[in-house]
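Letters A, B, C, D, E and F mark the chains as written, and numbering starts fresh at 1 in each.
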Amino acid sequence: MPELSPQEIRRLVLAALAEDIRSGDATSLAVVPDDATSTARMVTREPAVACGLDFAVTAFRELDASLALHDPVPDGTRVPAGACLLRIEGRSRAILTAERVALNFVQRLSGVATATAAFADAVRGTSARILDTRKTTPGWRALEKYAVARGGGSNHRQALDDLILIKDNHLAALEGALPNPIAAAVARARARYPYLKIEVEADTLEQVSHAVAAGADIVLLDNMTPAQLAAAVRLCAGRVITEASGGVRLDTVRAIAETGVDFISVGAITHSVRAIDIGLDFALPA
Amino acid sequence: MPELSPQEIRRLVLAALAEDIRSGDATSLAVVPDDATSTARMVTREPAVACGLDFAVTAFRELDASLALHDPVPDGTRVPAGACLLRIEGRSRAILTAERVALNFVQRLSGVATATAAFADAVRGTSARILDTRKTTPGWRALEKYAVARGGGSNHRQALDDLILIKDNHLAALEGALPNPIAAAVARARARYPYLKIEVEADTLEQVSHAVAAGADIVLLDNMTPAQLAAAVRLCAGRVITEASGGVRLDTVRAIAETGVDFISVGAITHSVRAIDIGLDFALPA
Amino acid sequence: MPELSPQEIRRLVLAALAEDIRSGDATSLAVVPDDATSTARMVTREPAVACGLDFAVTAFRELDASLALHDPVPDGTRVPAGACLLRIEGRSRAILTAERVALNFVQRLSGVATATAAFADAVRGTSARILDTRKTTPGWRALEKYAVARGGGSNHRQALDDLILIKDNHLAALEGALPNPIAAAVARARARYPYLKIEVEADTLEQVSHAVAAGADIVLLDNMTPAQLAAAVRLCAGRVITEASGGVRLDTVRAIAETGVDFISVGAITHSVRAIDIGLDFALPA
Amino acid sequence: MPELSPQEIRRLVLAALAEDIRSGDATSLAVVPDDATSTARMVTREPAVACGLDFAVTAFRELDASLALHDPVPDGTRVPAGACLLRIEGRSRAILTAERVALNFVQRLSGVATATAAFADAVRGTSARILDTRKTTPGWRALEKYAVARGGGSNHRQALDDLILIKDNHLAALEGALPNPIAAAVARARARYPYLKIEVEADTLEQVSHAVAAGADIVLLDNMTPAQLAAAVRLCAGRVITEASGGVRLDTVRAIAETGVDFISVGAITHSVRAIDIGLDFALPA
Amino acid sequence: MPELSPQEIRRLVLAALAEDIRSGDATSLAVVPDDATSTARMVTREPAVACGLDFAVTAFRELDASLALHDPVPDGTRVPAGACLLRIEGRSRAILTAERVALNFVQRLSGVATATAAFADAVRGTSARILDTRKTTPGWRALEKYAVARGGGSNHRQALDDLILIKDNHLAALEGALPNPIAAAVARARARYPYLKIEVEADTLEQVSHAVAAGADIVLLDNMTPAQLAAAVRLCAGRVITEASGGVRLDTVRAIAETGVDFISVGAITHSVRAIDIGLDFALPA
Amino acid sequence: MPELSPQEIRRLVLAALAEDIRSGDATSLAVVPDDATSTARMVTREPAVACGLDFAVTAFRELDASLALHDPVPDGTRVPAGACLLRIEGRSRAILTAERVALNFVQRLSGVATATAAFADAVRGTSARILDTRKTTPGWRALEKYAVARGGGSNHRQALDDLILIKDNHLAALEGALPNPIAAAVARARARYPYLKIEVEADTLEQVSHAVAAGADIVLLDNMTPAQLAAAVRLCAGRVITEASGGVRLDTVRAIAETGVDFISVGAITHSVRAIDIGLDFALPA
């Protein structure tokens, strides 16, 4: 079983086709003869980590079950510029009508996977791994997290119910009444959700110490300098998982990774994605 | 009536909340007292064209109808770094639980509007206008086209059924049999869809001439140099609308615009969007 | 790719079956043995233009995938009284349970196609073509427009977003402020929706002149006499498409067509349809 | 509780608005100023039994909750030509955008109610009542049956599970093995569905006798002459309900009613409906 | 056609899988190799009437279409402890991921069928049959009624629209104005719904007499002693169907059945069901 | 924000009303005057932990927004036999039509809460807490887990993606290749899902030791005797959470709790629930 079920892929593809086609592909219906056939290749114009080919295959197949679909590249494959990701043969109308939807999925998911791979490459050789966040396109969380994993990243929580993550604003609601709000918050969370791990956001080393003392499973080290991060890692001493976060960029991620943190979360790999330049090349009729 | 109906906004927001909350916001339920209240401000960390505040307002309201929501910035407003886009007062839990969904919508839609505005600014003073494309996030076409319009762009077709756009691959299916495939294709399209405008893609000036002669309403000038574009504009001579397309960038768009084309379509304003850095600042309890 | 996708046909058929069957076809379940088989023919009792057989085929197949479905008549075929539109062989229960839904689709869609064909026949030899309107059954627009096309008509706009159609009530909102509201309205529409054609409703020849002068693509000639229509056609002089509209009947449509208009729109072919008398004849058991 | 719940009406209206508006009412958005207001009256151009005003009210309200909607005519009201069915005041754009959907519902449902009333009028003074059938528009069964009731008709079964109706084709599956298939079929049905009434189709008086003897609750007298119907009514002698069926027309229904049958079912009141001519008249701006 | 269509079973199973799997079966994805295969048997730990195997088959198949599914026990089969209800062979991950959903359906539906069978066994040899009620799990009515039928019970009405059932609270609304509310209520119901049977609730023998006199088709004998029931049966004298109801238990149902009532309705067989203990046994790898 | 959002409650209630009412509550429509009003009280016939009143309130309100709904008992309240859970005043028809759906929700959810409370009472004074399982009614997981929490239990995982739970069948797929499958499985899970807790099923004390050594967060002690459980608790020594499972009954749970385990999971509180006997009492008209 894949993480993205065929049923879910089909649901998303049908919705995308309906959104794009509506009452019909007027141009193809008017201009392209019903019996015309073509061979087309989905080609990347730049190096990339390919992702989302199942969506493309599904789009073409739903449009016309008789299309032949050859050699889709497995998700997560690194491909050079000019690589063929999928070959399609069959009725021209169906290929032309599904083209844009197929490309929209593959270009974006490959964009997420490629961006993730760039960060993963940058920390290679350290113990740090790249994490995604909840900063995903509404409706696309499962897809984007899937692409992150295919690009070599790890997935942070899926939603608000599979990890406790106590941030400063949660603590603010307790501070008035409590001498050590981190300890109080962790205790409350453990009592109510014994089956979930608990992560605590820390802006200072003092907060890191409090989180460790409170028995947090993970500490989120927010916007710290490499020096602070290294000190925080020492405080956690292998007992608590460390995650660095906050405005991480490709040119800063290596220094962060070398502090010894376990994870580095990067919002940009899902919220600010550049689509990979991928197109459909039609073979000239013989 | 807005182009995005309140019913549609609500549908998208509820789906996004379900995707993010699932069985419950464990952290807020465990840590934040049910009766705690907060005041929060949605603040942009960088200059932007704000867009999507209705989504944020809807997200907070669906979570808790008793939240007070003040002064949402109208979509399309240019705001400086530090500007407040929305103020929220009420139960802390509801604000914290809806925060991420509200931000995910506003950050992305503001990203589209801001990118569009940058292109629109770059062509100011020419007769050219910026157009979007069908290279949108599946499921988000209406939203992204809305944000393009708020950012000062114009909308190209919504889907495959509201404009005929004859590309090279459509013509390829006809070429074997026909001496002048552009004329044949335009004639077929006009006969079948008399109520739609017809656009023809042209890679060469000869094709531009054919399209004009065939009575096309619009010519898509694909990947032409400024010199070619200027020549094409002269061929169209005000009788046919001209649209330049193909790898347009912020640093090249001005030269394209100065050729006299009517429209310049830019895929990147929807397919490769950088989210605007926008956060929620909670006021310290008094 | 057909204009009505198999996925959409299936969705509509499943909804119709659920509406009709609900918890089960009590009669067939109680009376008809599970292993009884039948042969049935769908037969029209009157001459017609057949339409909707895909819906019938889908209804029978969804009820029982083992039914054999032979020789469905292609949509748009003119058939005499007594013609067989589809033969079905297999389990009697499934045939009996799906019968009504299959017939309800075919009778109504054939009704639309047949009515359209009657109008199309009446204008044969003129340059006029028959158009549908937006006066369709809510939920059935795509189906009814499909049947109009199969019956020999042309399709007017699908919805409110694929053509500008400026009527008197739109102009009324502008008239107070403006000397020539038609020119102003056309200019506004062209600026905002450069990719859409613009149609203007005209009740008088003066309005026709204004519409032509304003650069409208189409003029809707509303409730004009043949003499007025002929004059309007002369004013448009081949530069602007003409559409006659308003209470068109079978006994008046020829005279309208002979004025030289390009199109004649007829609401009755979708809003007031007589179902074709079509039944299912079961063969006597041998 | 009405038979058509407000939730169901809203669901149907929203689907119809989405079908008609899609990405936006281009004409109104471009031409009509956002702050323009109008007063409009929904007026019937011919005498009718009004039906469906709740749909119109809902359509206008969903488009713009600030519209004032006055004096909707209660469903089932007989109105003369020129009668006002609903008055609407407020933003012109919203009124214009919802107009077609509102009218499409009211015109069709009033058409059903008016056709039903014509048949009900024709049998006035006899003991016969007019019944609908399952020959309804797929997706519209509840609406059309509602309109039949408002027009003065009675509703036959809603679906295949709330009445046993044994037709000749059901019996055909049993005949080979059984001397008296009607008796056998009725017995089977009563055993399996003790809580449902049982109706038996009869083409001959002999079959009527069999049905009465078998204990049927209702006999469907199919395509009988008035003389046969009268004889059948005598055979049923008040013990079994009688329903006449088969090609009933306005000019034949009275003779059928005078035979003493309890019910006359008429497919045409739902499957072949003429829409009532109803329009929206905008008041001239003062 | 089964009463539960394959389309409906699939819809319910997909919803259940989505509810249980959400973003993925983390354990199987992490621990079980993608190419591991298993053989598993669904085994009941106690005697039961098996029901719901189609749901299990569908769950496994939707997870992985390549799973081999052997020998599902037909619904309604009485099986001893240790019986195998279904064998599954194929990818271990898919079997493990679908296991819980498959079991949840089969355990509950077998629970309903088994409980029904216990009551049906208890009245064997009398003329009484066991009926279900509307006291079903919201969303599960069709499923639970299906399981009742497979367990040897009969189905009472599906919903509020396929039988008139006049209870004391309906009569209370009439009593002020009317001398004989049962007669009045029956008359009203017959006039409005001539095609439905009418059942009347009676708490006393006097009410039974009124119901019989009013022409009720069925009398619901509520909370009566066996002696009262026997007297009521005599009053109905075969002309009116009798149904006993009210707190029926396995140890009291026989005495009730021996009074001669036609039906005994039991809420507990749907509202208070004990799941059958059924598990999935994996074969040791050879 | 409640764990069950008002939007979700509404969705479930509307589906349940549609399932029960379908085309209309025939009895109430025929028998009860439209303007009749009643006062009714929802009363429990036995002691219970009340749960689900929001569903009842929503059902009545959706049927008729003008109903007055007084004093719903908060979920989780222990009430004696005869207690009033909700008072309703208003149109009789609406109350009667919504009655069954409202009761079906409250009876079942109160059944879950009451059963949970019985187990929680039985372990009072020990350190053990009662947990639910994934053995829930398909479609009802969120509801049943909510009722467990209101009854004083704790919630185990919601789905397959918020906790790793390694069972014997997962290990079986690894055993051939690996000397210590528990250690290997835990390591795999931790690497892939660093943010999830890991639970390991143990049937023997040796497996408990392996799980503790592997760093499991929780050990599931399956079908152990109290003596084994006590030994297992000692092995875990406060470092690892312990959960006892397997055929737990009300008469055995206390002994299990006294072994010192942290949690006891009980499938029966969701898979074999007895509905609480709750009815609607109508006040006699004054």
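In this text, contacts are C-beta pairs under 8 Å (C-beta built on N, C-alpha and C of every residue); 3 or more make two chains touch, one makes a residue touch a chain.
Keep in mind the model is a prediction, meaning the values are calculated, not measured.
Under the touch definition stated at the top, subunit D and subunit F share these contacting partners: B, E.
Path length between subunit A and subunit F in the touching-chain graph (shortest route): 1.
Chain centres here are means of the Cα atoms, and by that rule the chain farthest away from subunit B is E. Mostly identical positions are employed by subunit A and subunit B in their mutual contact, as over half of the interface residue numbers are shared between these two copies.
A turn of 120° superposes the CA atoms of subunit B on those of subunit D, with the angle given to the nearest 5. Each chain gets one centre point, the mean of its Cα atoms, and the points for subunit A and subunit C are 45 Å apart. Here the CA centre of subunit B is 34 Å from the CA centre of subunit C. Chain centres here are Cα averages; for subunit C and subunit F they lie 53 Å apart.
Listed for subunit B are residues 21-25, 28-29, 97, 158-159, 161-163, 192-193, 196, each touching two or more other chains.
Contacting chain pairs in the structure are A-B, A-C, A-E, A-F, B-C, B-D, B-F, C-D, C-E, D-E, D-F, E-F.
If you check the complex, the residues on subunit E that touch subunit C are 1, 3, 5, 7, 142, 145, 158-159. Listing the residues of subunit C that touch subunit E in their complex gives 14, 17, 21-25, 28-29, 62-64, 93-94, 97. Those residues of subunit D that touch subunit C in the shared complex are 12-13, 15-16, 19-33, 36, 38, 92, 96-97, 100-101, 103-105, 107-108, 111, 134-141, 158-167, 169-176, 185, 188-189, 191-193, 196, 267, 271-275, 280, 282, 284-285. Residue ranges on subunit D touching subunit E, taken from their complex, read 154-158, 161-163, 192-197, 199, 217-218, 241, 262-263.
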